[in-house]
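Heads up, there are several structures right after this.
Two complexes come next, and they have one chain in common, chain A, joined by chain B in the first and chain C in the second.
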Partner chain A sequence: MSEQQAPLAAEGPETAPTATEGSRSAPSRLREAGVAAAMYLGCIIVALFASALIVWATGGSWQAVFSALLDGSLRAPGRWGETIGIAIPLVVVALGTAINGRAGVVNIGQEGQVMMGTAFATYVGVNLGGPGPIVVVCLLIVGALAGAMWAGIASWLLYWRRVPEVLTTLLLITVASQATGYALKVDWLLLAPFRADRSVRNQVSEQLATDTRLPRIDIWGNDFPISAIAVVLMAVIVFLLFKRSVWGFRMRMLGRNARTATRAGVSTVKYGTNAMLISGACAGLAGALMLSGGDFGNYRFTPGFANNIGWEGLLVALVARSHPVGIVVVGFSFAGLRAGSGFLAATGVEREISQVVLALLVLALLVPPAILFIRERRRALAATRART
Partner chain B sequence: MGDFFSAIGDVVTNEVTYSGAMRFAALLAFAAIGETIAEKAGTLNISLEGMVLGGAFAGALGMHLTESVTVGLVFASVIGIIVASVQANMSHRLTANQFVVGLALNTLVLGIASFLNTSIQPVTRAAHRFEIPGVSELPLIGDALFNQPWPLYLVYPMIPAAWWLLYRTRWGLEVRAVGENPQSADVSGIDVNKRRRESIYIAGLTSGLGGGYLVLGQIGRFEDAVVGGQGFIAIAAVIFGGWTMRGVIGGCLLFGTVNSFRLTLPTVGHELNSELLSAAPFVVTIVTVTFFAHRTREPRALAQPFVRGLT
Partner chain C sequence: MADQRTAGTEVPAVRLSSISKSFGAIVACDRVDLTLHRGRIHGILGENGAGKSTLMKVLIGLVLPDGGTIEVDGERCQIRDPHDAATRGIGMVHQHFSLVEPLTVWENVMLGDTGRFDAAAARRRVGEISEHYGLGVDPDAKVEDLSAGIRQRVEIIKCLRRDPSILIFDEPTSVLTPGESERLFDVLRLAVREENRAVALVSHKLDEILHATDEVTIMRAGAVVKRLETAEADAPMLARAMVGREVSLRSEASALGLIETVAASVDDVEGPRHQAAPGAGADSESRVPALRLSDIKARGPDGRIALDGLSVDVYDSEIVGVAGVEGNGQAALTDLLSSLLNAEAGTVEVDGMRVQPGRPGAMSGAGVAVVPEDRHTSGCVLDMTVAENLFLVDIERIAKRGIYDPAVMRRDAARLIEDFEIQTAGPDAPFWSLSGGNQQRVVLARELSYSPKVLVAAQPTRGLDVGAIEWMTDRLRQVAESGVGVLLISSELEEILQLSDRVVVLFRGRIIGEMDRADVDLEELGLLLGGAEAGTEAA
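And now, the complex of A and B:
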């Protein structure tokens, strides 16, 4: 299956080698870019209009909803720090997904990998004694390893028994959520010892000690963990890997055409497994960052901790078409939507509407590249026909 | 270990297990029948979950508006087709990536359904049971097969109908050709992407009906978590069944039985950890697919978009 899998985030417009490419002049290329930008803008407006329609149809005020979303993500004091805090795990998950997207291996189980990463990181963070900074580094590494392990199961089954990785990664999400839920029920794993501040039935882990948390930066009342800087660096590294390294080139070759890659001596198993493990490690790391960063769950692990971050990170990578710069931009926007949904309660509209807006945006952003791709194809076919 | 086997023995001899298994399997079968046709045409239709969920909510809504189970089921299948039409046109007209479309659709349907559910709060009741006289007297399986809420019976004619459609009609032949080798199909004059879209509409129809059955026949009311990944298990059943109608139905029955064990074990007096039991169907799915999937071969062009002139 892997060999024939269409790459999950195959870049549409660039993949088509066109006959007209060389002959096109600069102004027409500028016009192309303008058309593309207009199309993106149009589609985003349509998506927002559709969401406004849903709000209006159920008797809410769409102006109030959009203004609440903006307040909650940027305008209200301290909110863009919150948005950055949410964007961190989204971008990390998405960067990992970009790597397996390039290699043509599908991983849609980030949600489960995030949960496994967080659970293992919690165990290390709570139980490992020693100086704080060392514990933080250890818990981040262990989180990444746990995520890689969870994705590794899928890639192992893929290359050992040809089990479709779409299926295994998907099913392992539920297994991860049940396994971590179980770990949160027994004291010798993650459950916090009983104290007065916790009811008996609560599934909650011990809180990370203050010296084992990531330090936070404060700019004009907006505070976010320092991992934000590391995430930007990570995006740069992934960008350079894709653009400048042999490894990245081989990954891309494998994703674009597995048969050619094999003929050129790129081992499908080796590079495919690598891509999968890295992607899982990124998701696990994202979970560990969520735990030690403090924007999620107040340094405690609970059953609902992952809260769809894995799914949204996956969507970020897909919408950004596996491009690291795009991932940072899209990740920040999606994080803004999530941060903004916290302010919706005041408008009387259910917060699920932010999910609707998000999904409509994703669908809308798929349209322009597809149309551009089809136009390019038509033009190329016409050019071929004209020559013969 | 002996404890474990006595638990299994108790469950196997319990009629309730079989009724439960049948009800779970029916939902999976509704979705998996359509998914089989869609996958035969070359779409790995991740939005199956969304189609079932949309059907479930539409079923509840139809019931709420008209108090009729039939109207609920019609609503359910219509919404299933609407979700399918988004998937079909995005992935096989615009050639957007089918997984992205599927995932976004799942999020969208979940968002809209839970949003509308909290603002409408549909009132529903379950469809009545219908006992087919005579055959329902059979020991052990009689009740399971022939004394069920009536929407379940819709799945029985659907199985041979889908088989006939896929293997005994020109349309079915074209669908299979499109899934195996779209280039050849295209050259011989078949509209590849049209056949793929049509097969997705059928998946939407059946899984929407499945959602309607889930709410109106099995559970009786709508919640956000009502489907809870069963659409994904239906996809697993298709892969497990090796893309043959017989195998797929076998897969549905197997996964339905595992699901039913989870519910009957506690009622016959055996304590087992609820998390581990909930994870069981998924683990069993992975293990069985691991050991049986390699014997079969998927449609050659599964999950590959078709653009004329490319490749």
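And now, the complex of A and C:
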């Protein structure tokens, strides 16, 4: 491989370089992409094979399992609409994660930011009167702001007192969970007023009024909220920001070498805070979209509402290696697994086994990026070592 | 060989035969033979990357060779680690010190000993060694209070305490003032002549080799290219063998470490440009300096005062050389001018305008370009492409309303790559794939591309080989000729003398001396480097 020859040139006299020095021409990049694709395919095949083996060994029917997964995510009537509905918040969370990852700031508290975003959005959606569309826009904005605020606490602690953001974002999830849980118990906050048609009066919000919900698109019996289109647009915008904007360039500089970035005029505090706020805003917005979209919780906020979407969105960003287009693809795949898992119960396969099958498939998607990452690192290291 | 009488009859102290060592695809040593005799100083001369250090690491047991044999005192053996080497009587004084600063000299010397130890005896022993070799080291002094020269003597004591019969010195003068180097060689001669030890002196400086050694082995690209008695050698011959081509001793004197030649070539430097350079002239009072630092006080990352009332002016078109032994505030000065360090007191003015040092990007925004000492931490982003690295500081130049076109970036980068003769696969090659010299070119190309008023070059030629040094030196001259003020921060006195119009001496965070290049007196300069003002020379 041409990269492996680079060190030779590096060690020789500076005046006698070779043309092979670190060549990354178009064909080699294409080959890289091919290698990556082959790796994904291989891993998925291995995971499917292993799943089949496990199901078969425990006395189940592997055909039934795979068929159920496929039915639940795509094949059965209305199911790919469901998958899109689940993919929306996953992609939004992941796009935000990609941004803070670029800037070298860690945010693993998306789950909490999703909760806060949903809680605030619920309050606005239920209490703010006026024309429906305006209420929807307001609740989305407020949801994003709430997520940003929650992430902002971590970022403020980081730059004010150097508290590691890995810890604060993580621990703030628990705080968010308790805070929203409390709000759902109090009448003047989120708790729905008592009505005769509900037997239990327990930690549930008022339902969003029909005119304050996101419109849904129906294609061949598959329906999903219109936010799906906005989310794809958002991914394109993030892609362009990464590729072409000065802002994205500087974010990347900061993430890769903070000292150089500082010298070049990129303030760690300013850009780092921005990255964190945007990441939090995305998670908060994801929560608001879940609430007003209708695929989660039937337009009501409850304690379990976030349902690991924050965590899974983080995972999507990791698997897609923060690439906006990859995030859309991976987000849809993860959503498919989630939608498909709903159908597994009907196959008669034990719940534990079907969970293992799902985990194996997720693992299959996780392995290639890890291998690719290690490969790149090793190559870079080999080059540096040869240099010293 | 001239000295067959002594060298031929006895068993050599060390005989390395056909030593080979590769790191991956790189051959660091290719069937190298080396023989060290008792009572002689053997110079090992070569450029950076010629394989000298690897060879010495084989001898001290830090590197296991792929092939070849080692004989110590005629006995074939394997040296597995430095401990092994020590028991065979081989000791090494490394280029970089490994001393614990808050501990005293004798404590440092005893570090690493196992079992019971007698503090009083250890102190006495350190004092004895110091006295015997005339090192003048106080066993009870704290290392943090000592100058680099004295610290090196502590390292030498650490080594001599085990009474090694074979001593290796790796680039020993890189942190020393000329006076300190001279004394080091006196100690070496004593250890060799009186006590019949064998010494290997690794260096890339011709002067040192010519002055201090008895015989010399010249390495190039991992192989021995020449071996001769120093008495039969002269500078041009050594230079040719080391570099592998004809070199002009005058123009490359600093790269070759020929301080006398550099010092004597004032007339050359006083060429037309220097006459034209108005910075050094008497009218400088009335002009606005390109860069003015006044009474700067700043703390380093460790919280200690790194710059302590530093003042210096740099005018257009002049090169001001900041001479000084490493560790006297050079890093802090570069950081300050890179907006990475704030000043507690004092002001920075660029072209008459105050600049706030600690604000990100303030310096580069005001027109202070920097070629940093360690380009990997503050000069580049290894994981970005060459083109991106060329636009780190002023991406806005090719951007409209915050959006830039990667194609334009690539095109502009290709032009810079050509102008600065950067050897790379292209604008999209990752920066880390470049060799050190070419990385340095990228940094310089970028820093000059935003038309700076001042260029700060910190150790700009460190780690480069002769050809790359020559290129960098020429470029710095051109930069000054084009009207930019250059602040050259270097611990290589040769480099300072060759390039500067004016020399200032940095000592413990302050400028303690200033002289025009034409008036430089080497001896006086040497005293200043050692902090003559502060009176440490007496130590």
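We adopt the following convention: the second predicted complex is superposed on the first by the 297 of 388 C-alpha atoms of A that agree within 3 Å, B and C clash if a C-alpha of one lies under 4 Å from a C-alpha of the other, contacts with A are read in each partner's own complex, and residues count from 1 in each chain.
The rule we apply is simple: a contact is a pair of C-beta atoms (placed from the backbone, for glycine too) under 8 Å apart; a residue touches a chain by one contact, two chains touch by 3 or more.
Just so you know, these numbers come straight off a predicted model, no measurement behind them.
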Touching partner for A:371 - first (chain B), second (chain C), both, neither: first
Chain B versus chain C as contact partner of A:256, first or second or both or neither: second
Partner chain(s) touched by A:243 [first = chain B, second = chain C, both, neither]: second
Partner chain(s) touched by A:266 [first = chain B, second = chain C, both, neither]: second
First, second, both or neither for A:210, with chain B first and chain C second: neither
Touched partner set for A:161, first chain B, second chain C, both or neither: first
First (chain B), second (chain C), both or neither touched by A:314: first
Overlap of chain C and chain B interfaces on chain A (superposed complexes): 4-6, 8-10, 12, 380
Of chain A, residues touching chain C in the complex: 3-15, 17, 19-25, 243-247, 249-250, 252-253, 256-257, 259-268, 380, 382-387
Chain A - residues contacting chain B, complex: 1, 4-6, 8-10, 12, 16, 54, 58-59, 106, 108, 157, 161-164, 166-168, 170-172, 174-175, 178-179, 181-182, 185, 311, 314-315, 318-319, 350, 352-356, 358-360, 362-363, 366-367, 369-371, 373-374, 377, 380-381
Touch list for chain B against partner chain A, complex: 44, 46, 86, 90, 94-101, 103-105, 107-108, 110-112, 114-116, 118-119, 229, 232-233, 235-236, 239, 273, 275-276, 278-279, 282-283, 285-286, 289-291, 293-294, 298, 300-305, 307-310
In the complex, chain C residues that touch chain A: 23-26, 47, 49, 221, 244, 338-340, 359-365, 370, 377-384, 388, 391-393, 395-396, 399, 402-406, 423-426, 428-430, 432-438, 464-465, 467-468
